[in-house]
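Going by the order they are written in, the chains are A, B, C and D; count residues from 1 in each one.
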Amino acid sequence: MGEHKQEWDRLLLILPFLAIVPYLYSTGESSTDYWWLIIATPLVFFAAIAIAGQVWNGDEVWVNRLKEGGILGLGALSVSLSAAIWLIYDYLDHHGHLESGDPFSWLSFDVLTYDSDGWSVASSGFSGIGFGIYLDAVSIMLLFVATFLCFLICWFAIGYMTTDSINDNSNHRFFAEFILFSMGMFGMVLADNFLWLFIFWEIMGLCSYLLIGFYYWKESAAYAAKKAFLTTRVGDVFLMIGLLMLYDIYGSLDFAVVFDDPSTGVGGAAVDAAMLETALLMLFIGAVGKSAQFPLHVWLPDAMEGPTPVSALIHAATMVNAGLYLVARMVPFVDVHNHGVVGMEDLGLIIAWIGGITAFMAAAIAFVQNDIKKVLAYSTMSQLAYIFTGLGAALWFFNHDKHHAGALVFGGALFHLFNHAMAKGMLFMASGSVIHEVHHAHDHLHHGDDHGDHDFDPQDMRNMGGLASKLPVTATAMMFGSMSIIGIPLIGGFWSKEIIVGKTWYAYFNGADALLGPALLILATAGMTGFYMSRMWFMTFAGKPKNELVDHVHEETPWIKTPLVILSIITALGGFGLALYGIVDWLSGDADHLSIHKATLLDQVIYELEHAFLPEDEQVRMIGWTTIALSFILGPIMAARIYGGSLKEGEQATPLVHWLTSLSSKFGNQNVDDLANSQFADALQNRLYFDDLYEWALGKTIIPFSNFAAWFDANVIDGVIKQIESNSVLGSVQIRRVTTGSARDYILMAAIGALSIFALIWGVSG
Amino acid sequence: MIESDPLTFITLTPLVVGLALLVLPYIAPASMADFTRKIARSFSMGIALAIFAITSALFLGQIGNIDWLDITQGQYVFQNESVILVESIGVRWVVGVDALSFPMVWLTAMLIPVSMLVEWDAKKGHIFHPLILIMEGALIGVFVVLDLFVFYVFWELTLIPMFFLILVWGGDDRRYASMKFFIYTFTASVLMLIGILVMYFNTGDASLAGTLTGHHFDLVSMTAQASGNGLIAGEGLRHFVWILLLIGFATKMPSVPVHTWLPDAHVQAPTAGSMLLAGVMLKMGAYGFLRIAVTIFPESTVVFTPLLILLGMASLVYGAIVCMGQTNLKRMVAYSSVSHMGLIFLGIATMQPLGIAGALFMMFAHGIISPLLFAVAGAFKHHYHTLEIGSMRGIAHHSPWLAGHMMLGWMASLGLPLLAGFVAEIAVMIAFWMTFGWLVILPALTLIITAVYYLTSMQRTIFEGGDPHVGVLPDTMHREEPRDITWHENAGMFVLVALTVLFGILPFIFWDMMSDWSTEFMLETLIHAMNSQGVKP
Amino acid sequence: MLTTEEMEYLLPEMVLVAGIILAVLVPNLGDSTFRIPLTRTRIPIFIGGTRFKTTSNPRIPARIAILAFFVAFVYSFLEIKTASGEVGGVIEITSFTRMMSFVFYGALLLAAIATTYRMPARPSARAPREKDSELRTEALISALMDNRRQVDFHILLMMVGLGMGLMAMASNLFFMFVAIELASLAAYILVAFHKEEEVGGEAGAKYFIVGSVASATGIYGMSLVYLWSGDLDFDALAASWAAMDGLDPFAVVGVGLMLVAFGFKVSAAPFHLATPDAYAGASSPVAGVLATASKAMGFVALFRVLIEITMPEEGEALWFVLLAIIAVVTMTWGNLAALTSENPKRMLAYSSVAHAGYMLAAIAAVGSGLGDSSTTELVLVAIVFHLTILVLFKLGAFLVLGILETEGRSHRLEDLHGLAQRDPLIAGSMFIFMLALAGVPPLSGFLSKLLMINGIVNISAGTGSTNADAIVPWAETVDPVFWLAMAIVLNSALSLFYYLRIGLVMFFEAPENAKPLRKTLHLRNTILVLTVLTVFFGIGSGAEYLLDLVETAVSAL
Amino acid sequence: MIEASWIAGLGVILFGIGLIGAFSRKNAIVVLMCIEVMLNAANLNFVAGALHHGSVDGWVFTAVAIAIAAAEVAIGLAILLSLYSTQETISLDEATLLRN
């Protein structure tokens, strides 16, 4: 404990950071004047940590006192967090949108336009690009998610990273990149125009590349990093094209300008729906890349090559949410109730379809994964797909002037984002805890000579089992997280998932025939989610240990438990609480307040549950119950039958999870080896061969083509030059041969030359 | 002189001092010769820094107090009293800068000390550094003179120090490379010279004209004349001259298909040489194209826009694809320069102020980024004795600074936001979409290709390698202990990194005046041509 | 006899004649006496006997020659602006003649300076014997070459100068021919001067035979012209030509045959074939004289015949197409052949052929008759300017080879290897000469080439149709003369290859012999001065001054 | 009276003979003689011209041309001698050390 006390002392260093915002607040400053702290602090500390870490690499103070920059990073993030909370507080206090204006004009320029008088510089309509902030409920929610989770994950990472011997003296890289990543997300959420959104979006792409490739010497990590960057880059490029189109349509990329009246373009022209829809689809492709949706999903599982905090960061706090945020920003364009452009239903349908397909596919693949982080990765993909489906349905509703339903599912989808982020952040940290402790136990068991035992994989759930008693906090956290993801009634994700599934079906019943597919897919996925999340938990924590080292596992690393506890509480209670406060309406912009507006708490609970089950429609209510049945009953029970089991004799888990382990042993034990060896399972193991397909396509097209191009350049284009050169040399040798050395030849040639010239002249002049 | 005629001062000082430092050791008495040799390196550096200081002072308004946004089209600041050089044919020493040329001058003044710093330990430093100083004079001269004869003189003068830099300090195949570099670009520029002469004999300002010929080389007067009735009578001849100029400038830029001198020259050149070659010399092409070809023949530029697109697109896309097939780091970086320079033509072809400003900023940003790339590649050559991608792995462990600079440089070059290159790219792209619509898909896809080759090259050099403490060292190391870059390489790269970030985050430092210039440029020249040629969106 | 005034006109030539006489006399001065018959009184007659210490100095003839050329050179220079006069009906002195003699004497002065080192004095040189080793033989031969015939060489050099000087001021075709013959015959001997070497005699023989055939052809052509007009005075010929009704075969064939002779002098293809052989066999200063002064002489003759006599007032000259074709063939042939030449002297010879091509192209542009008098003057200024500064860098390059020759021969590219290590300044100078030859700015070679191209462009570029709205229709209408400019620039680019190669081997290759170059103080300084002048006349006041001079000269043509 | 044109005609024939001889004969001495023949052709023309135009110039030219021819022969023989002394040949086809 003394040692731990010393560790906590390190935290004293962040107190000055924490004091900054309260000080500013106390001087009576306005939070909107200090939003830049959220971005600037991490940016400055990114450079500071990166450079200082390299200069003082291995230095005693740097390593022990500053945790190789981790403390500085945490401090910077605490500034961001406190500034964000300040901003949120003010926002909730003032109830309304908040725009800072452009503190500086980043790029100013003119545009030429054509009219009957010819070309001239456009006098109005087109504006340059500045930078400021734009806050509404969506960005406030995301800002909180990002700053809060980043802070917690950084906290967790200090414990996780600095106790891993393989990271010797390179953690400054991690922390620097980590806070830059965070900065990217903060900036993206705050930005008041599409270009700056894109800029921070790309920064996140870079950081994901850097962090996934943190263990750069591992070929798989280097490869995964490259894959992540390139796959998202494909999306980004389309996103950029979308931006270009938007600028052309509206003459500005500022949210304030564009959202003011999306049906009127630059110079008062009516916006062409087809054009705008194409532009938005381009944006959506970008979102698909970033949020790892089909068909640009291939990078996400590989991204598990990064350290576990990075996975938490990418999957919960930052990157994947970016895509959702972007799609959420499309609502004003299609909201016909509010100057939206008519005739863009297809957009919502496409988004919903992509979501449905991804949700189902990812859940299916998650069935067969044995790597604890991979299961979570596919779960992320699947849950994000839910949100996309919900947003797609929302867009469809909005465009059909079904504002109320649209707003509901829109808010529900965003609420799901919140729930998922909290749960998934915790799940990843918990899985990190498991991996970390298993790894330590393994090292401990083999006395550090793990160099000879590369085959051991601390992430493989087949090496675990029965950890519930060894890692009580982790097991509890993971249980709550899984429940939230599965959608166990009243816990976190339940509130939002029910809305998404129900409303998607509602849309189908109300004329969106094309939504049947996604609706069915996400319904099925609900059950599948129940199965694979339970499977993961049971495989890890329940049953008898499958490996001797489980006995040596202890929860002992400092820094790791705190965030798990905090997030467990939020996951377990936060969803319910926020739902009661009407967060769905608030997020969709229908309500200005987060408050209980029914007379009693019970009324409010019933009201919110009705939101989810939509009492006025019997069909939808049926769907709601089906969802619960599938996700709560069928999935977990099947998982328990196959993977469940009670702990070893004498082991005792905490009361919070004890019931689960003992319950899981009640459903018997079914052997699924046959199924696991089937061809279908094989295809799932191979991620349905998408990666292979892409690699094959690249290997067969671009690579040979580029090699050909290189050959072509060296031998044809430059070959022409070389040919000229060699022909000149050849001609030179030939022409020098004419000089035979014999004087009479010279005379002869001169005579012949002269005569032929005379003849020529004679011929010419007639 | 610094106060009254700063441009002449910063042009001639490096030339004179560099030449003196080169020649003095051979004609001065022995003791003085030794002394000169000893101080040549630091003295060159001192002069280079002084010139950088003066140039920065010019920018910040410390000298002359210039409002850069207030310069109207065709007006030049710091213009001197013209000095007659050759009266018979009307050659004058006229210097002046505007928003088109000044960023280039500043870039040159900045890059010279940096490249000197990077190669601070070059062999025969008492020749190397003065040569770079001479290079500085020649390069600045190209950007500041406003007399086409003198412009051409400086244009070719840059070849000579570069020829020696490649020939004496270059790689194994430096003979071929230096010859090819010189002859290739010389051939193109003599064709350009014909174009200049055709322009020359159409000039008519009697007050400037040479006594023998009755014509003059004064660019300002030519521009004024061109904006009236067009400098040259006859559209056919105008187009022809435009094409001749294009050949000269496109080769320098270089644009596909006249780019093949560049990879050879770059691969063989010493680091400082590559840095200057990529950083400034390529920009001479773009600068000259805008300053002469577009300004004086706007109609031809409008007529030949499809050609510009074709060239730009070919450079951009084809250059990127060829990059992917390269196995030599420097070659790859060289082709990436080809690819990026394509964007300049595209930016001009958009005929939008935004596109032209983007092209200008591309010139500037690429002038910061590509030297960084070449400094990194040079450091690989220096410390690992090879440039083969894939002959080593996991270098990041041995050379963390190098890996860091490489990472940043590579990212900047592939257009990562908040780094200088992105600003130019996005500007050109926006303008490109406005003018050409879906054709934008090609440059956009190129962004992906660019990412592919850059990431692959990093993966196969600084990353991978299994055990972090060992990595895979190239055979060329001969069991040498791998080292990180030296302090001076590091310092030089740091400057470039800092500027890349600075201009990525705060592009408006130079962007505003470029954008301003572009708008005025469109208004004064191109817009008339577009209207008269009946260009419609 | 000449009047005082006429003597003054001809002062440089007089000095040369005096120089020749002195060169004959002075080295023979000694203590010889003549005994008056029947008495014992000996009257010193000073010719013969044991020579005095001063007069026995083998460098005396060189000094005399240098002095004579220097006086002639300076006097010509001073007279350029003011010269005018006439002597005996066949000599007419104008600014132009003095400009040209300025060039001639300058070139010969440099050659004389260079030769001082080629032939250092060692009084006791003996002929090799059969038993001598090969090395020894070589050394002895070289000593012999060094030692002997100082007088002969410099007398011949002065004779060449005299011939050239007179040639420039001839106002009569026949007199011009005689003067050319005087210069040529002396030059033949100079080429063959190293008769101890196998190539010396051969070079001389070839140059002599081909040259003689050419001059015989020229004289025959001149005789045809005489048959046609009956008077060989330039003015009279020009008048007859202008008055000629249609084409008189005598006149046309006569002029054509004369062109052959002058074509040989300027080494135009296909009459240039002996040129490289001659240069390669001759010593470097002599080759330098052939490449500069002798070529200038050829161009003066071409001016006389082509511009003064046969150029019509307006319209295309008869010889326009002929000359254009010859020009293009010449420059291309020269450059192509030089491309792979491994002998620096041959390379310079071919380069000199190429330069002849450029200048012929410029004359052809004049012959197209498209330009007005001012453009014609511009082109002529360009050519004369080029001929003038050619002395600086072409001869300068030969002088560098001359330095190398003092330690052997300079007939292989390898001899230049690593020159930068042996003497950086000389190597740098050589590189500058090469760049000037290639026409790289800011050197004077660029200015002259630019002026020529400018003249051609000036004359021709306006001829294209102004109604053409695209390149191809324009290119179809433009006068073909325009493409001569293209040919020149493309050839310049081609030529860069071999010029740079010289720089390459000097700075890149390791020297075969790492010893520092022999100390040849005057020669080295001369080369450095030439280098500085090459740059000085490239741009700025130097160029302006020289252009002004040339302009004065050309306007007197 | 011999017509001037006859003389000129003879000149043409002589010149032709000389020229053809100059490039068809290997022996340098013979080539030298051919050159003399060519010069004589010119001399004939001068004479014819003098007759035709009735001017004295032609005669003077002839005299001077003969002198030139004499000088040329002297120099030529001397050079050929030196060629012979080093290469022991006066065949133009054999003295080809310098070529290409």
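Here is the rule we go by: contacts are C-beta pairs under 8 Å (C-beta built on N, C-alpha and C of every residue); 3 or more make two chains touch, one makes a residue touch a chain.
Not measured: the values here are computed from a predicted model.
Pairs A-B and A-C differ in how many C-beta pairs touch across them, and the larger number is found at A-B. Per-chain Cα centroids separate chain A from chain B by 39 Å. Here the CA centre of chain A is 80 Å from the CA centre of chain C.
Here the CA centre of chain C is 25 Å from the CA centre of chain D. For the pair chain B and chain D, the distance between mean C-alpha positions equals 64 Å. Multi-chain contact residues of chain A, defined as those touching 2 or more other chains: 736, 739, 741, 743-745, 747.
Residue positions 19, 22, 28, 31, 92, 95-99 of chain D each touch two or more of the other chains.
Every pair of chains that touch is listed here: A-B, A-C, A-D, B-C, C-D. Of all the residues in chain C, the ones that touch chain A in their complex are 205-206, 209-210, 213-214, 247, 256, 260, 264, 269-271, 273-274, 276-277, 318-319, 321-322, 325-326, 333, 336-341, 494, 497. Against chain A, the residues of chain D that register as touching in their complex are 19, 22-26, 28, 31, 92-93, 95-100.
Put simply, chain A touches chain C in their complex at residues 728-729, 731-733, 735-736, 738-739, 741, 743-747, 749-750, 752-754, 757-758, 760-761, 764-765. Residue ranges on chain B touching chain C, taken from their complex, read 23, 26-27, 84-89, 91, 149-150, 152-153, 155-157, 159-160, 163-164, 167-168, 174-175, 178-179, 182-183, 186-187, 190-191, 193-194, 197-198, 200-201, 212-214, 233-237, 239-240, 243. The touching residues of chain A, counted against chain B in their complex, run 50, 54, 57, 104-112, 114, 118-121, 166, 195, 198-200, 202-203, 206, 209-210, 213, 216-219, 221-223, 225-226, 229-230, 233-234, 237-238, 240-241, 243-245, 247-248, 702-703, 705-713, 717-718, 721.
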